[in-house]
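In the two complexes that follow, chain A is the common piece, with chain B as its partner first and chain C second.
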Partner chain A sequence: MHAKITQMLFSVIDELNQLRPTDDHLEKNLETPLAGDYGRLDSAGLINLIAVTEQKAAVELGRPILLTDDRTLSQVNLVFRTLGALADYIHLRLNEKNDG
Partner chain B sequence: MENRDAMEIKTFTVAELKTALESENFWLTKSLPITKHRALSYSRNPRADEDDTVLLVAYQDNRVIGYLGILPDKIFINDVGYKLGWLTSWWVDPSCTTAGAGAILLFKALNAYDQYIGVSGGSREARKALNASQRFMALKPLQGLDIRLRLNVAGNISRRHPALKIFRVLFKILDAMTDEVVNLRGFIWQRRNSQCQRLTFEYIAAIDEETDRFIQQHHRHDLTRKEKSDFSWIMNNPWILSAPLKDSASKRYYFSSRADRFCYLGVKVFEHHNEMIGFFLLKVRDDRMSVMYCYFGSRHAASITAAAFLHALAMDVSILSLYDEQMAASFSELDCPCWSARKNSRGFSLSKAFADIPLANCRLQGGDGDLAFY
Partner chain C sequence: MDKQPYTCVLVSDFNLQNFAGYVANDAEFPGIKSITAPFGQPVATLLDGDLPCWQNAPALAVIWTRPQSVVPAFKALLKYEQVSLPQVLQQVDEYCALLLNMCARVKFAFVPSWVLPSYRSVFGVLDMQTEIGLTNTLMRMNLRLVENLAKASNIYVLNTHRWIAQAGIQAFSPKLWYLGKIPFGNEVFKAAVPDIKAALRGMLGYARKLIIVDLDDTLWGGIVGDAGWENLVLGGHHHTGEAYADFQHALKSMQNRGILLAIVSKNEEPVALEAIRKHPEMVLRVEDFAGWRINWQDKVKNIIDLLTELNLGPQSTVFIDDNPAERARVKESLPEVLVPDWPEDPLFYPATLLSLRCFELPSLSPEDLARTTMYLSENKRRELKKTVSSLEEWLTGLAIRVQVEELHFANLPRATQLLNKTNQMNLSTRRMSEAELMAWAAQQHHRLWTLRVSDKFGDAGLTGLISLEILDRSVQIVDFILSCRVLGRKIEETMLAVAIHHAQALGVENVHARYIPTSKNKPCLDFFKSLAPRFQQQGECFMMDGKQPFPVPGHIELIRN
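== the complex of A and B ==
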């Protein structure tokens, strides 16, 4: 499942990069910083990332995930620190759903 | 890189904002998340409940790094009322753009109102962020007119080309001369225009019974259906104060909190034998007058437009802004003296929670700039 999530996030990055100048493209790498002190996304960029990720998760993983609930919003700088951290978080949330 | 504390988002309900108004600490931050008179206005909003969220503030290292105001309101569609919040004064410290504050504030606002949120106007950055969220749908924009009555060369040059301020005296002389031309053309227009001769006015600082009845007869298609208490609140609790100089608060608050001249004026319009044919609420801010809300029957559109134009002439404003399609259409028929009349539009968006609700034939009034609703 983790590999599928990573692929889904890479396709999110592809979509985000279409709106960014070529010299500011985000790398498809789990270490790519998103939000926080070293983050690459401004407010609009992070909002876009969240919206596109929710959309693609539903289509590519076949599982809806909400990244705008209070639990996620209370730890934005952890969840969106890097692409890898986001992948881990999505994995965690989907597993919780399975367990529930 | 220095160690930073985690960002903290504080939510203020109406009740909590009232407490904050009395607190000294709340007003000590370098950037203010709200001004006192705006906070007072929020706390007196007749459409807000005590537990409604009205302000979200992002703090980091005891600094305000972002905030978002929300104005609780109600919209009516097919006589069914829906509670929503209008986003207003959304700001993020430019040095903290990657902290995620803007995103958190937006999504927390949506959550606080069960995803029922409206937006009016806003900066290019704010609109970009709202579009990116995919949570909003644009309504048909209000189409109106910006009518330039006076050139105000001195004011415009000072704003756009500060270096030319040294010629200010010359520009003022030019303005005085062109203003005389405007006054003369206005005088002739009033004498020739039979509509103007028939009109009489009554000014009100609060909505009286007659006006209340009139508004109720003419607000059926209004999305927000403003009532007596709403207008009294708007007129008596402005977010912008008329003041000659910037005070300390206005230097620490990103959005406008003062203007050299600012007022609301309620105008009842009568024709013939004291028959009330319309009501409009004017907003005058420096050299611009806007018709914020207007109520009239279609057959009186030209008279109401003439009435608004007469007020713009009398109050010496440079620009009259109309956001009502009937008034904008009537303007060309009136042959009013002006330097130019340019089309303008004002955009509104509602969150997709309203997607299944039929919004066609609904009319929105009010709303401008800085994501503020009025």
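== the complex of A and C ==
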């Protein structure tokens, strides 16, 4: 599942890069910083990341994920610190659903 | 092509940052550099021409709004309050007045039509009813918008519904709206960018004018040389035959809009022409084609020959062929020719043709609509030329009439089109909008005439433009523009005679023309050089004594309106 999530997030990065200057593209790498002190995304970028990730998760993972709930938004800098952190968080949330 | 990006002001009541991102990253010509006006203030932005976004003469503006943000009565209607239709339309008129006022600040402006989110259908059956239906009212508002904005020649309403349809269920994004004040999904913006680029290319004079088609398995199914014309797959009760017939109908519809058609095919010419003449299901006939090269030679050579005959450049041309090897060869050898990827399945031919975004024109002149007829007349002129012994005899036999008119609102669209599209016989290659050209010509020390050319074979329409600036003791020829379709018939000398006679009536000491070189206007330089010794060359300036006679060529009947 984690590999599928990573692939899905790479396709999200492809989408986001279409909106960014060519010399400021995000790397498809789990270490890529997103939000926080060294984050590459401004607020508009983060909004697009959330919207596109939710859209693609539904299609590519076949599982909806909500990233605008209080739990996520109260720890934005942690959840969206890097692409890898986001992948871990999505994995965690999807597993919680399975547990329920 | 101009490599500099065109500056575009984005005005909106919502966040257009994503749209700006797609515009900036789109690799298609022309490049666009966006300046995003503060969102949420479209009316204030339109009103205030002193805002920083309007400084430095931006080339274009995109004004994209939601209807409820600029038409308060529609906002009330969204809450199902009682609002009369005239009240709504009155407010549309007021908004249009702002847009019309703004469009003097830019060369071109685009206004995407208003849409409502497709999920909004609470009272579905009432939606199309007059007075109470939201969709009904919005359709009327959009029509009013189009009618009002037709008063300006540089502002165009774009069809947002096309982009919504392309985006499908992702067209509207409540998530993006509540998080970022972006009402549309990114797919809508992605669909909008090519439309806006295509429209801009049309405004800038880069619309394609000619479609060259192959025959076998392109215009019809089968190999005519092997199967015979009676056995071609075309029309009839056959799905592939119907698709080929529809493809021809699509080409015919393009021709009706002024696009020239031509053939380049590896075939025996008599066999291919017999098929075109005799097959009962052929939609296109021989007279629909401005020219053809049907032989066994290399297609690149044939295309170059054909373009020379038609006096068109590769940048005006689209080449359609089912054979990928032929497409690759043309693409590589003639990179300016547009060679679209072509589907293997003929059922997709009509849709592929109709989805090409390279034929957009800012306006349609009578000259555009009659283009094929004009080229067929040109073929007759060439035939006449073969039967006479001298150039003078040929010119006299043509019975040419040149009608001179000042610039006015009726000929302004075509004159502007000529100014912006003519490259070869163009002294200074100025590019201006209709409003700019009219304002320039209206100045007291400026003169501008247009010329319509006709002969016994047909009417070439408005094909010449010359303008003057009157200085203290001399007159400068500013624009000297002649369409390539009437070159070489001494219309050039006639245009000059009109200008020089006017200058002489003013009693000036000399008439001069400053040639501004481009990569394409050497024919204009050659023409002015050929006028020696009457015109003396000094660098890139050509000067003539104001007292020298410069008669209208004897074979031309000049009519002044």
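Just so it is clear, the second predicted complex is superposed on the first by the 100 of 100 C-alpha atoms of A that agree within 3 Å, B and C clash if a C-alpha of one lies under 4 Å from a C-alpha of the other, contacts with A are read in each partner's own complex, and residues count from 1 in each chain.
Here is the rule we go by: a contact is a pair of C-beta atoms (placed from the backbone, for glycine too) under 8 Å apart; a residue touches a chain by one contact, two chains touch by 3 or more.
Given the structure is predicted, the values throughout are model-derived calculations rather than measurements.
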Applying the touch criterion given at the start, work out whether A:73 contacts chain B, chain C, both or neither, answering first, second, both or neither. first
Looking at the overlay, what does A:21 touch: chain B (first), chain C (second), both, or neither? second
Could you look at A:35 and tell me whether it touches chain B, chain C, both or neither (first, second, both, neither)? first
Which touches a greater number of chain A residues, chain B or chain C? B
Contact-wise, after the overlay, does A:62 reach chain B, chain C, both or neither (first, second, both, neither)? neither
Once the two structures are superposed, pull the chain A residues common to the chain B and chain C interfaces. 43-44, 47-48, 50-51, 55, 68
Chain A to chain B touching residues, read off their complex: 35-48, 50-51, 55, 68-70, 73-74, 76-77, 80
Residue ranges of chain B in contact with chain A within the complex: 1, 4, 6-7, 9, 92, 97-104, 106-108, 110-111, 125, 128-129, 132-135
Sort out for me which residues of chain A touch chain C in the complex. 15, 18-22, 43-44, 47-48, 50-52, 54-55, 68
What does chain C use to touch chain A in their complex? 15, 17-18, 21-22, 24-25, 170, 173, 175-176, 179-180, 182, 186, 190
